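Labels run A, B, C, D and E following the written order; every chain starts at residue 1.
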Amino acid sequence: FGGGGGDGSTEITAGTAPGFPPFEMKQDGELVGFDIDLLEAVIDETDYTLAGWEEYEFKSLIPALTNENIDVVAAGMTINDERDQTIDFTDPYYSSNQAIVVREDGDFAPSSLSDLAGRPIGAQKGTTGETTVQDELISPGNLDESNYNSYGNYVLAVEDLQNGNIDAVVIDEPVAQTFAAQRPVTIAFTYETGENFGFGVRDGDDEFTQALNDGLSTVRDGSTYQDLTNKWFGQQ
Amino acid sequence: MSDPLLALDDVYKSYGEEQVLSGVSFEMDAGDVDVVIGPSGSGKSTMLRCVNRLTEIDSGDIYLDGDCVTDADTDVNELRKQVGMVFQDFNLFAHLTALGNVTLGLRKVRGMDKATAQEQGYEHLEQVGLSDQADSYPAELSGGQKQRVGIARALAMDPKLLLFDEPTSALDPELVGEVVDVMRDLAAEGITMLVVSHEMGFARSAASDIIFLDDGRIVEHGPPEQLFQNPQAARTGEFLSRLETAHEEE
Amino acid sequence: MPPLPLQSDWAFVIENLDLLLVGTGVTVALTAASILLGFLLGFPAGAVEVYGRGPLKRAVETAGVVLRGTPLLVIIILLFFGLSVSSSAFVTATIALGLRSAAYQSQIFRGALQSVDEGQLEAARAIGMGRFQAIRSVVVPQALRRSVPGFQNEFTIVLKDTSIAIVIGLGELLTVGQNLYQGGQSTAALEIFLTVSLIYFVLTFVTNRSLDRLDDHFSIPGGERA
Amino acid sequence: MGTQESTTAGRTLRARAAGLTDQPLTLLTVAGFWTWLVVRWTNDFLLDGALIDRNTSFFPTAPFEAAASTLGGLAASLGPVGFPVGWVAGFFEFLAASIPYLPQLATGVWATILLTVLGIALGFVIAVPLSVARVYGGTLTRSVALGYTELFRGTPLLAQLFVLYFATPLTTIIRELPAVGTGFIPAQAFWVAVIAFMLNSAAYQSEYIRSALNSVPEGQLTAARAIGLSKVDGIRHVVLPQGLRYAIPGWSNELVYLIKYSSLASFITVRELFERTDAIASETYRYTELFVLAGLLYLALVLSASLLMEYVEDRVAIPGLGTTSR
Amino acid sequence: MSDPLLALDDVYKSYGEEQVLSGVSFEMDAGDVDVVIGPSGSGKSTMLRCVNRLTEIDSGDIYLDGDCVTDADTDVNELRKQVGMVFQDFNLFAHLTALGNVTLGLRKVRGMDKATAQEQGYEHLEQVGLSDQADSYPAELSGGQKQRVGIARALAMDPKLLLFDEPTSALDPELVGEVVDVMRDLAAEGITMLVVSHEMGFARSAASDIIFLDDGRIVEHGPPEQLFQNPQAARTGEFLSRLETAHEEE
């Protein structure tokens, strides 16, 4: 496998968690999405070559990275302190907030987190959405723990929202917009977290991190970044 | 005279190709003890099982106390309450004590309450000399004791007729006596019994009639003295003589 | 009632049948590899439980109890994220399924070895065979035949439990099915899962019937069916 | 298919576990496990955290941490021969690391037990008629029962859970039922899991019971009919009481299976032991400690079940009927 | 004269508390056929099994052809090649054909190649009159045929001594004859045999000596005429008379 450590070997393996449109998802058996295209473009700018993609559940990505199953994570992963203790991040490549998604035809129209109190809500396991629910709702005692459902994947969460098993899903904004476009769900409000997505790399893999950062700024400086944004977020 | 207690009239039964009973007819009165003998496979068990309809006959009629019991509309469970059966290999209910075996029918078929059933059950165990084993499970009883429980179970339903299918042939020789003694007592009490058995001692001393069945037909039917001393058919004599030698050796 | 995701979308399933078949291939390969590993470890383990003694026997027994008492899900996760035995999901899943299967297969073989009449071993010894050789030439061939039904059960259990490898993202049948309806192109969840279930059903059915055949083929004429 | 055989395998399998349960150490462990659970649950559920805060463990971590570091130092100073001490140190480290998570896992264990017990008990209610239909039924009932069994045994439990939860209106229906998801009554996902386990386990249980019914000698039913019991009554009062006793070993095996497979309910968001473990692990990344710990808790549950079934078997044992475990 | 082929010298054996063999001594020469009789539990099987060390003795010595075989350093597999054994319940290898049963030892113990082993195997099956059943599996053979395969299997190893443990007692009465006939032939061919059996016909016609074992001791030992006509010990006479009545009945 890829020894991203940089000692001569330049093959690296990337990991992601499909089911997070438009960042990453499976279409016709192919892994596609903004993260996929972006990372590939970034790596093209470096001396490394991409050996391939591995797919995991989102919460498994960090263990997979630390266990050297993969060398880089591109999965719409928010840079935060908890994660930063375990892994390193590249420079941010996308800024996002958390959206609170509800059923389109439902009568539940919350406008702030406190409106969610006492309602069954969901998020994806191991995501910022989950942290938000934990920190802003459960810990202050606004939400009973039994009212929170945690899913392996956003699609299951949105599925359950449509089924009526939960009343709201806390989810990254761009993803929420995709779902709102495709499904009978709508964004009730956005919770400003000012969070940034970064590519996850192993702690201490500094050379590789640096290469990715350089590649990223090259891509941002050129037209590629804008092209990709238009391609994946353009149709909103 | 009144009706016979049991009458078989031209009973036929076959399994597939094989004709097992071919026109069996006989009658027995209340209080009679008839012993059925015959070679293996001659249809003795089948005949017995036809009487309480554990096996259905192909044609002919069977009457119990004047009623035709082989009608399609006869309630077989009702019939079986009136006809007790004792099996060769006991078939005691393995999960119930001796008393439980005897009372199950009283409670679930006759609908008695538990206390009354147990009281009656004890009496019947007493009748076969087993009241002290009431709480033993079948596996804890000897063969002879098992069979006596089997008899008590059948008696408990207060049947008009008791059927015995080789009640002693699964027993060790030294245990046969106790079961035969119980059967002899029942005979003396005037209970009507139809017994498949080759216990010649019992047949001689307790039977009203002996029925010799061969190949699904009654070859000879008469009181024991006549059959033993002066068999009419050659086949009977032959069978009896083989029986004698086999049993003398015990 | 809110709308249910029950729009019939069989066309989508049929379009993606090739993907499902690839997943089926992974499932079959995983089953085969795990059963093989389970056999290679489980058979000796069973023999040790019957003929072994001392610490080796106790170690094998304890390992068996632990493996049989722990959910496969826990074993897989532990091997993959905890102990990181391998970076390949396929290898990890094979080891997890194989180890657990070995624990069960050891019991199947133990029972089968014990069911071979002691007289067989004695007769073999009486013509001058050593203990090991007698076990190998006389007891084992009979025990293997008797273990076919247990083996058959084990086979279907492993086949179905390969679906649990979804937790480590292995692209087996169920994972492929799940990815299909999460791809954003269709919400044909019911159709996909019914199809996936049908494929599993066909697989178990075919496996069982083939093993029946195998059983007939190797059964000893006139002897008890294994 | 070798159902008869699988029953035997089940029997021997459980006898194995029973062999372990003979050891006083195991008994002690299981007793300790249950004491902890009961005290924990009483505190958390009934006393509302009166004894100790819900999220605080009964056990302090400090002594274990201290022991671990002392022993670790000792092991290091011993050099290459220090490895046994190193193991002990590692064990204490493990204890220190896992203790803080115990309260949350205890809640998960509660859900796991509830799920298993309900699944197997409700499954049993379906399994008995299914197996009777298989043995004594007519062509139609027999094939319906067979079809049911083959269907549920031929597809993965995980797929069954997925279909029931995400692809049928089951959740909607259950959600509308009164009281679901209020107070101590779990929400719909739990009940969907119970239904899945019930349906799945019924198929397996019916196989065990069927082969047990087949091992009741035919003469038993004949004798029952001969005293005037109807066929149904004969099966009810004579065949089933015996057959179910024969079925206990295989049935216990199914109980053990269900305890373990209940972990799959985490896929549909049921917060049982595995889900709890997984959730904590994905926050803390302490996969090894947490999953070893979960494995040990499952093992304790499985051993408890084996002990319990052994006791049940002894209690209902009748001389000469079935296999007594000793 | 040369050494005896087999000699037991003051052999003792106990299972826990129970003394099964108490000072058994006897000798037999090459070509002898000794028949061991005695009540159930008297130690007959144990004595036989001690000879090929399927059971280890507690004290005493056993000599085969002059060599002490109960030494700790005797190779038991070597010994067993020289002492064939025929079992009461046959113990044929269930997964092998008749021929496979006979050739397994030749191939795996004697190390013969397959063709030679099969050739020899056929001859031995011929010897017991079963060459036409070479490809049948044990389950396809009658009891008598099974036992004859068992004998051929033992013969195939070309042993110096053949042990038989009640070779006919698991057989239906009508099948006993064929096995006894084979044994009689072997005796006539001069094969040395130590036979536990209550087949008195065989003992009378083929035995060199009869050994009467009771409670682990040899009570009487002598040629059949002497033992049958003029038993020395009261116990022998008693046992023989019970044997006679029991067997006459067959």
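Here are some notes:
As a working rule, contacts are C-beta pairs under 8 Å (C-beta built on N, C-alpha and C of every residue); 3 or more make two chains touch, one makes a residue touch a chain.
All of these numbers come straight from a predicted model, not from anything done at the bench.
Separation of chain A from chain C in touch steps, taking the shortest path, is 1.
When C-beta pairs in contact are tallied for every pair of chains, the largest tally goes to C-D.
Compared with chain D, the chain whose C-alpha mean position is the greatest distance off is E.
Per-chain Cα centroids separate chain A from chain D by 36 Å. Centre-to-centre separation of chain B and chain C, using mean CA positions: 55 Å. Centre-to-centre, using mean CA coordinates, chain B is 50 Å away from chain D. Chain C and chain E have Cα centroids separated by 47 Å. Multi-chain contact residues of chain A (touching two or more other chains): 60, 63, 156, 159, 163-164. Residues of chain B in contact with two or more other chains: none.
Residue numbers of chain D whose C-beta contacts span two or more other chains: 166, 172, 278, 287. Applying the touch definition to every pair of chains gives A-C, A-D, B-D, C-D, C-E. Those residues of chain D lying in contact with chain B across their complex are 217, 219-220, 222-230, 233, 237-238, 241-242, 245, 318-321. The part of chain C that touches chain D in the complex is made up of residues 1-2, 4-6, 61-62, 64-66, 68-75, 77-78, 81-83, 104, 107-108, 110-111, 114, 148-150, 152-153, 156, 160-164, 166, 174, 178, 189-190, 193-194, 196-197, 200-201, 204-205, 208. Within the complex formed with chain C, the residues of chain D that make contact are 1-2, 4-6, 8-9, 12-13, 16-17, 19-20, 150-151, 153-160, 162-163, 166-169, 172, 256, 260-264, 266, 274, 277-278, 281, 287-288, 291-292, 294-295, 298-299, 302-303. Within the complex formed with chain C, the chain A residues making contact are 1, 18-19, 21, 25-29, 54-57, 60, 63-64, 67-69, 103, 105-106, 153, 155-156, 159, 162-164, 178, 182-184. Taken in their complex, chain B has these residues touching chain D: 52, 54, 76-78, 80-81, 84-85, 87, 89, 91-95, 104-105, 108-109, 137-140, 153-154, 157.
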